[in-house]
Every structure is written in structure tokens, then in C-alpha cells.
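Please read through the structure below; I'll follow up with questions.
Chain naming follows the written order as A, B and C, and within any one chain the residues start at number 1.
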Amino acid sequence: MTEITLYHYLFVGLFVFVLGFAGSIVCKNIIKVLICIEFMLTGVNINFATFAKYCGGSSADGFVMILFYTAIGAIELAVALYIFYFMHCKKQSDNIEKYGEL
Amino acid sequence: MINDFFNILLPQGCLTIFILLQLLIGMFASPKFHKYARFISLIGISLSILLLSTVQTEPQYFAFKNSIMSDSYTQLFHFVILLCGFFITLLTKKLTNTFKQSSYTFNALLLTAILGALSIVSANDFLTLFISIELMAFPTYFLIASAKGYHSKEAAFKYLITSAVSTGVFLFGVSYLYGITSSLNFTEIYEVLSEGEPTLIYSFASVMIVFGLISKLSIYPFANWVIDVYKGTETSVLAFLSTIPKLAMFGILCRLLVFPLSLGLELPFIIAIISLITAIWANTYAIREKDAKVILACSTSANMSYVLLVSALVSVYNLSTVIFYLLCYVVMNIAVFAFLNITEYEDIGFNVANFKGLFHKNHSLGLAYTISVIGLAGFPITSGFVAKIYLFSAIVNSGLVFIPFLLALLILMVVALFYYLKLILPMFEKATVDTKVLKALYSQKFVLIITTAITVLIGAYPEKIIELCRFVAYNI
Amino acid sequence: MDILISIPFLVFFPMLASFFIMSPLFTNNEISIRRFSKSIFGFIFLYTIFLLVMFDTANPFISKISFFGLDWIQALGVQFSFKIDGIGMILVLLTSFIFFISAISSKMNIRKNHKFYYSMLLLLMSAILGIFTASDMFVFFMFWELELIPAYFLIGGDFSLETNTEAKKSAIKFVLFTFLGSMVMLLGILLLHYYSYMTSQTLTANFSEIFTERIPVIIKLIISACFIIGFGVKLPIIPLHTWLPDAHTNAPTPISMVLAGIMLKTGAYGIFRFNYQIMNDVFQIFAPVLAIFALVNIIYTAFVAYAQTDIKRIVAYSSISNMGLILLGLCAFNQIGLNASVFHMTAHGLVTAGLFMICGIVYLRCKTRDINTLGGIASNMPRLFGLATLIVLASIGVPAFAPFISEVLTVISAMFSNLGIVLKVSAIVALPLLIISSCYMLKFLHCGFMGEKQEAFAKINDITTHEFIVLASVVAGLLLFGIFPSALLGMIG
């Protein structure tokens, strides 16, 4: 068994982030897009946690960043759903192509 | 801690108090007082402008464990942002009239966005920067969505998705930078990095950070969405959207490019190429368009790409040109949107063909609008002309490599002239019976006339302002 | 006395008057607007004559505006400075004269939007005077760009009773072409400014202080090429000329007079200032190439002019042809060539203004400009016919008129040029121009005026005293400079 190093964590972080980024661009379903944005958030947070653990030293900056980003991400999602609710009332669909009036 | 607050944070503190005040009054005030919400905002912004004079700037002042800083550079940006905020608040009257109940909330949101913009400029670590960006972004979503109808919601949603994705990209870059230097503070990062050779991961991180930040500047990868956002947004909010976030983002981007991100050699070229692509895309896209809002969205993209190109080629001289260009640009842009705000509520719409003959019925308003658009196109006696020459001289100073870029930009200016002409020429056509005499509010007229006057005055005598910009750039 | 000689006053007074007319303070009454602006133009003309009297070739007028002791843009070393030397004086005088007669002849052609029209005309005059007097590159460029705005509105504006949709298109074409040229020129100015600063360490944009000696040759070539393209659009040099015939044909008559009489000369003036004077060592490399372009201008457009049926188009193409002659004089790169060039600018400015005015008068009365339907109006309009004959004779280079002197001088200068065989050949080739130009100008006169009397034109009237005085003054100027060429040549120095 190899030891789990910094790079393994970083790889997971990168993988999740790229998954989220690609998904947010490709997905046709609005809910899926929102989930993909959450994936990006997770990827970033994995990175921060890893770095805070391995190279952060005594400061907790990385963990603080995670805390804030999680909170703000949650609010962002709430706002997104709130606005989406208004749009959904009109269109009754979650396909992104139905919403391209502009 | 308390000392720090009184030394540099009084303007922001004042704004915060007024935000709370707005929300409190909004809860208890009877509906007939809702039209006075604007005045509270105006008083708050004016007070903050006054309080700017109490801020310590000499020498650079770092506060709250180096997370916030203040110098003459931030002070200038704060002043301009607050001034724009003042004008924009004046413009929102017609919009707030449409929703009766919640105008206190609307004004509180606007103030919050301005507060966010102020904090962005004075941030000195990535955590503060990130929170400030979100502080500016959240109210912006609601401001965009506040107008009636479905379109504003769609615009807000699109803006939200773009912002959320770009925030992710930005923070991903930050996380690597944090990994290399184990710090989030700009000054510390710069100190750690300048000791060693820049690594590949550093370049990757800095590109990610820049990409994350430029989404708010409507630069190419995100520019397509910007046009949709512009289409669905009410004009007074658009006046906000096209000035204050831009100012704030450039305020921090220039600082980042001067300090923590200045060590990689390939970043300027990458940014230059993105800017060029944006300039080409935006200018050619606008040729076919007939909607004034879309044309202005493209114009914003194009202008921002010129500024971005110069700010990537870091030097003190270039920085001063960037600041000067931004100053001139926001003033002209507010003037143009003030005019569109007048026409929007006269049911003229945004198709440029509907502006037919307006000049002959509304001499002074039409003239002010024409001068501002001509200024955006870069013609003399307006500040746009001086800004253009000054900005392009910076590209020449940056070396022969960038001369082809400059040539491309200059030729694109001709294309740009074509669509700027489309914005004003119908006004000079023959007036018909349907041509309206515009009924503008005093506040709208005030904003239009004052901003145009500033444009012309800076154009006639730019030296004092340029001197100020150079002073600020030397002190960053 | 010094206090009366003020170039900024000369340049900015029309601009202020323009803003005054535009402002709501000024009356909307057509007659008072016209009288007011005519008196402004007259005053400026008298003022330039006063300047001419005071002028001394050895000490050119110099003045500088400083705002509270500061330069205009200190970061770029730009000063708001002006200078009138001999050539500038001649062109300033020509400008004020042509604008004056154009304002007088506006009465007939301009029927609507008087306020807008006259304020734009004053603004245009201000910009052109600024171009001829600026002694700082960036100030020059500012006026160069400023000129576009009023020029656009004057060409494409809605001033006559019938609507002309073509006018708007050609105005946009004009603006885009010229703006493209000026953007390329801006690149040249910025490069020149930067390299001058780098090699001499003095931050300046003044024509006389720009330092070019130590700039690498390749950069100098690029800069010169930028300037030639920039000014070549205005001049126009052949592949860049397509905006001109449309703009000149569709513009109202007084504006055509100004465009052909003055505005084209700004291009030639720019080549003189920037290429001939500042970048003079590289100009010797460019001159033979430019001479070929000038020849193409002269010959090609002469043939094209002969093929035209619209009288205004004939005159428009003839001015391209004549601008080629001016360029050829500059390319000779000697004193005679310069003299010839400036002399021809003046002479051609007068001729072409006169010709466009004749076209306008004919069009007003006959409602057509087609050469095939015109004809037989000479007997109804003896006074116009007489004056037109004199001006056409002048334009084909009959002795005793000014163009004769400059055409001969140009050919001589090209013959004696030191810049190689190309110029000598072009001098020989340019000679047939006189024959071709006499062909198309005589066609203009013959088909336009002579021939059998036509029913349709039986009731038209001869020119009014108003128009007679204007045309007669043009003829008088042509005769004056034709008989006493030294009056002008002495000033070029």
C-alpha cells in the first residue's frame, strides 16, 4: 500500500473541480448546473483543507476560507433557487434551453 | 482595533449604518413615505464621501492584521465609486416608483453593493477579497431581478450562474497560491514568492485567479452571457452594472497584477491575447445589432478589454493611464445610461430606430447624449479622446512586441465608431409627428448634464486629473 | 500690437461662436442666424488679412496656451501651442476666404436647420484653422479628429428641401475612411513621440523639437508609412480615394466648396509637416514611390473624370487629379517643388470652390446635374457663362491665371529633383495632364452651357449680384496670383 500524500488529495480536489466546471458548462438541466457549482465548491474546499493541513503551519486561514466559502455557497444556491422559482412559475420546465428568451 | 476602524473604515461604517437604517425604516414606515428612501441613500453616500477625508492614506495604512489597507489609490477608487453610486441612486427614481412597498429594501441593496465594491478595492488578503466580491455580487442579483417581468429574472439568473462559476475558478486559483505560500495575505504572498523562481503551478494559479476576476469585466469567455444580462436589466441598474463592479474589479486587479501576480512572465501575454479576442469579438458583434443596450454591452466589453490589455503590461505609467481611462469611461457611461433611462420610461424602447428625430425635439438632452457617445468613440473635446491617446501611449511604451496589438485595437476603433454612430445618427434624422418631447425628471436631467459637463471639462483640461492619477499610481 | 495677434483667438473664436449659435440662448430666426454667422466669417477673414499685413516671414507667429501654468497633458509633454509660418499663413488665409464665400453662397442652398448648419460650419472652420496652426502633434491630431464631427453632419445632414438618402451613406463612408486613416496616423504619432523621447530624453510633441536623428531607420520607415496612409486618405492617394466622389457629389454645394477647397489640402499639409519636414531623411526613400502614386492620381482620375456625366462628379474627380499634382510637387523634395505645391494648393482651392459653386448654381436653376440633359443655358445666363469660362480656363492652366504658374513650377521641380530618374520621368509623363484636364474641363463647359437652347431651361434666370460677387472675387484672386505670383511665393520662403 502506498501512503496517501498531499498529491492524492490534490488530485481528488482537481478531479472534483474539473467535474463541476465541465458539468456546469455542459449540463442542460438547471438543477444539474447548480449541483455542478456545488461540486466546484467541494473541489476548492478539498484543496484548501489539504493545504491547510500540509503546508498551512499554525495559521488556520485555509479552514476559515472553507467555512466562509461553504456558507456563501449555500446562500448563493438559495438565491439561485429563489430566482429560479420565479422563472419556473412562468415556464414549467427545468431545461436550460427553454429559458433563452433574451 | 478600534483605532484601525476610526483611521480607515469610517466611510464604510457610515454606509453600513445607513444600510441598517434603510432596513429599519423600511419595516416601520408607512407606504406614503417610501418615495423618500432615495434621500436617505443620497445622504448616506454624501456623508461617506465627506468621511473619505478622514481616512489615513500616508503612508500606506494596514489594518486588521493586514487584511485591509488604505492608501491614496484606494481613496481615489473609493471616491469614484461613491460618486457613481450617488449618480446611480439619483437615476433609480422611476424604477423604485414601480414597486411602492420595497423601495427601502432596494436602496439598502444598492448601498450594500456599493459597500462591497469599496471593500473589494481596499482588500489586502484573498479572504477579504472573496467576501467583498460576494458582498457586491449578492445585492447585484436582486437589483437585476428587481424590475417587473420575466426577463429581469432570467438576466439575474444568468448573472448568478456566471458569477458562481467564476468565483469557483477564482478560489481554485487562490487555493494553489495558498498551497505554495501558506498565506492568503497579498503582501506576504508577494514576499514569499519574490524570493524563489516562479513555478508552473504559480502560473497556473495566477491565470485561474485572473480568469475568475475578469468575469465581472465582461471579457470574452463570459462576454456572451453579459449581453443577455444587459438585455434583461433595467437601465438604472445597468448604469450600476457597467460602472461600479468594473471600477472595483480593476481596482483590485491592478493591485494583484502589481504585487502577487507579477512574477510569472506569460500572464501578460495571456491577458493581452484574451483582451484582443474580446475586443475583436465585441466590436464585430455590435455591428449587426440594433438594440442600444446590446450595443452598449459590446462597447463595455470592448472598453474593458482595452483597459485590461494595458493593465496587464504592468508599469507605473500604464497604471496611471488605466486609472484615467476608467475615470473617463465611467462618467461617460453613466451619462449614456441616464439618457436611456429617460427614454425607457417614455416607451421609446431600445431599438435605435426609435430614437428618430429626438434631437430636433430635445436639444439639450440630445446634445448631452451625443457628446457622451462621441466621447466613448474617442473624439476630441471629450475626455474620451485624451483617455484614448493616453491609454494607447502606454501600449507603445511597453515595447515593440505590442505594436501589432495596438494596430489591431486602432483598427477596431474604426469598427467601434460605426456602431457608436448607429446610437446617435437616428436622433438627427427628420422628426415625425410621433417624435416625443421627452419628459425627464430633474434628477435624470441633473445626472445627464453633470456627467456630460465633467466629460467635456476633463477633455478640455485633463492635466489636473492626469496628475492625480499619476500621483496615485506612484503611491500604490 | 502684439496683443491683437493671437492665434488661439483665431482658432477658438469660431468655435465659441458655434457653441453660442447652438445654445438655446440664440434666436431661431433664420435671417439673424445667417447674418450673425456671415459676419463672424467676414470678421475672421478680415482678421486673417490683418495677420497677413502684420506677417513677417522671418518671425512666424508663435503662441501657447497654458492652463494655470501647466501644459495640456504634461505626462505626454503635450503643449497647447500654435505657430503660423509662411505656409500656414497662406493656408489660413485661403481657409478663411473659402469659408467666407461658402457662407455667402449658403443662402441659396440651405433651406432647413439653419442653426445646426451654421454652428457646424463654424466648428469645421475652427478645426481646420487649428490643423493649419497647431505646432504640437497631439493638438494637431485633436483638431484632425474634431474636424470629422462637423464634416459628417454637414455632408449627411438634412438641409435642403428634398431628402437625399445617398448623402447619409456617403457621409458615413467619409467618416469611416478618414477615421481609419487617422487611427493609423495616431499609431505613427505615438511611435514617433515615444522614440523621440527615448533617443533624446526630452518629452515633447512639438514639431520643431521632435528629435528623429537617432531613431532606427526601420522604425522611421514604419512611422512614415503610417503618416502617408493617414494623410493619404484625406489627400486622397488613389486606392484610398473612393469616399471622395460620393461625399463631394452628395454634400450641399457650399460644403463641397469647403471639402474640395480646404479639407483636401489638410492632407497635403499633413504630408508636408510630418513626412517632408519631420521625417525628411526617410521621405527621400518614399518620394519616388509617392511620385508614382501621384502620377496614377493625375492620369487615372483625369480619364475617369472625362467619363463622368454628373458635372459635380467631374469636378470632384478633377480635384483628385489636382491633388496628385500637389503631391508630385512635394515629392520633388526641393524648394521649387514646395513652392509649386503650396501655390497649387491655393490656386486649386480657389478654382475648385468656384467650380463647385457653378455646379450648385446650375443645379438650383435647372434641377439636374446630368451633362446630357444640360446645355443651351449660356444665352440665358451670360454672366454665369462668362465667369464659368474664366474659371474653367484657369483650371486648365491658361497663362495669366494662378494654376498655370503652379503647374509649370511642379513640372520644373520634378525635372530638377535630385531623387532619381523616377521623378524626371514623372515630370515628362505629367505634361499630358494639361491636355487631358483641358479635355474634361472643356467638356464640362461645352456640354453644360453651350449648344442649342432647350425648352425646359427657357425660363431660368441669370445669377444674382450676390453670386456674381462671390464668383468674381474667385476670378480676381486667380488673376491676382497668376499675374503677381511673387506675392505668394515670397511668403513660402
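Note that in this section a contact is a pair of C-beta atoms (placed from the backbone, for glycine too) under 8 Å apart; a residue touches a chain by one contact, two chains touch by 3 or more.
Remember, it's a predicted structure, so these values are computed and weren't measured experimentally.
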What pattern do the touching chains form: line, ring, star, complete or other? line
Name the chain with the Cα centroid closest to the overall protein Cα centroid. B
With chain centres defined as C-alpha means, what is the inter-centre distance between chain B and chain C in Å? 43
Chain-centre distance (mean CA atoms) for chain A and chain C, in whole Å, is 65
Centroid from C-alpha atoms only, then distance chain A to chain B, rounded to Å. What do you get? 27
Junction residues of chain A, two or more chains touched: none
Which bits of chain B are touching chain C when the two form their complex? 317, 320, 363-364, 367, 374, 378-381, 385-386, 389-390, 392-393, 396-397, 403, 406-407, 410-411, 413-414, 417-418, 421, 425, 428-430, 461-464, 466-467, 470
Over in the complex, which chain B residues touch chain A? Could you list them? 126-127, 130-131, 134, 138, 141-142, 145, 150-151, 153-158, 160-161, 164-165, 168-169, 171-172, 174-176, 178-179, 182-184, 228, 231-232
For the complex, give me every residue of chain C touching chain B. 22, 24, 67, 70-76, 138, 141-143, 145-146, 148-149, 153, 157-158, 163, 168, 172, 175-176, 179-180, 183-184, 186-187, 190-191, 193-194
Within the complex, which stretch of chain A touches chain B? 10, 13, 17, 20-21, 24-25, 33, 37, 40-41, 43-44, 47-48, 50-52, 54-57, 59, 61-62, 64-65, 68-69, 72, 75-76, 79-80, 83-84, 86-87, 90, 99, 101-102
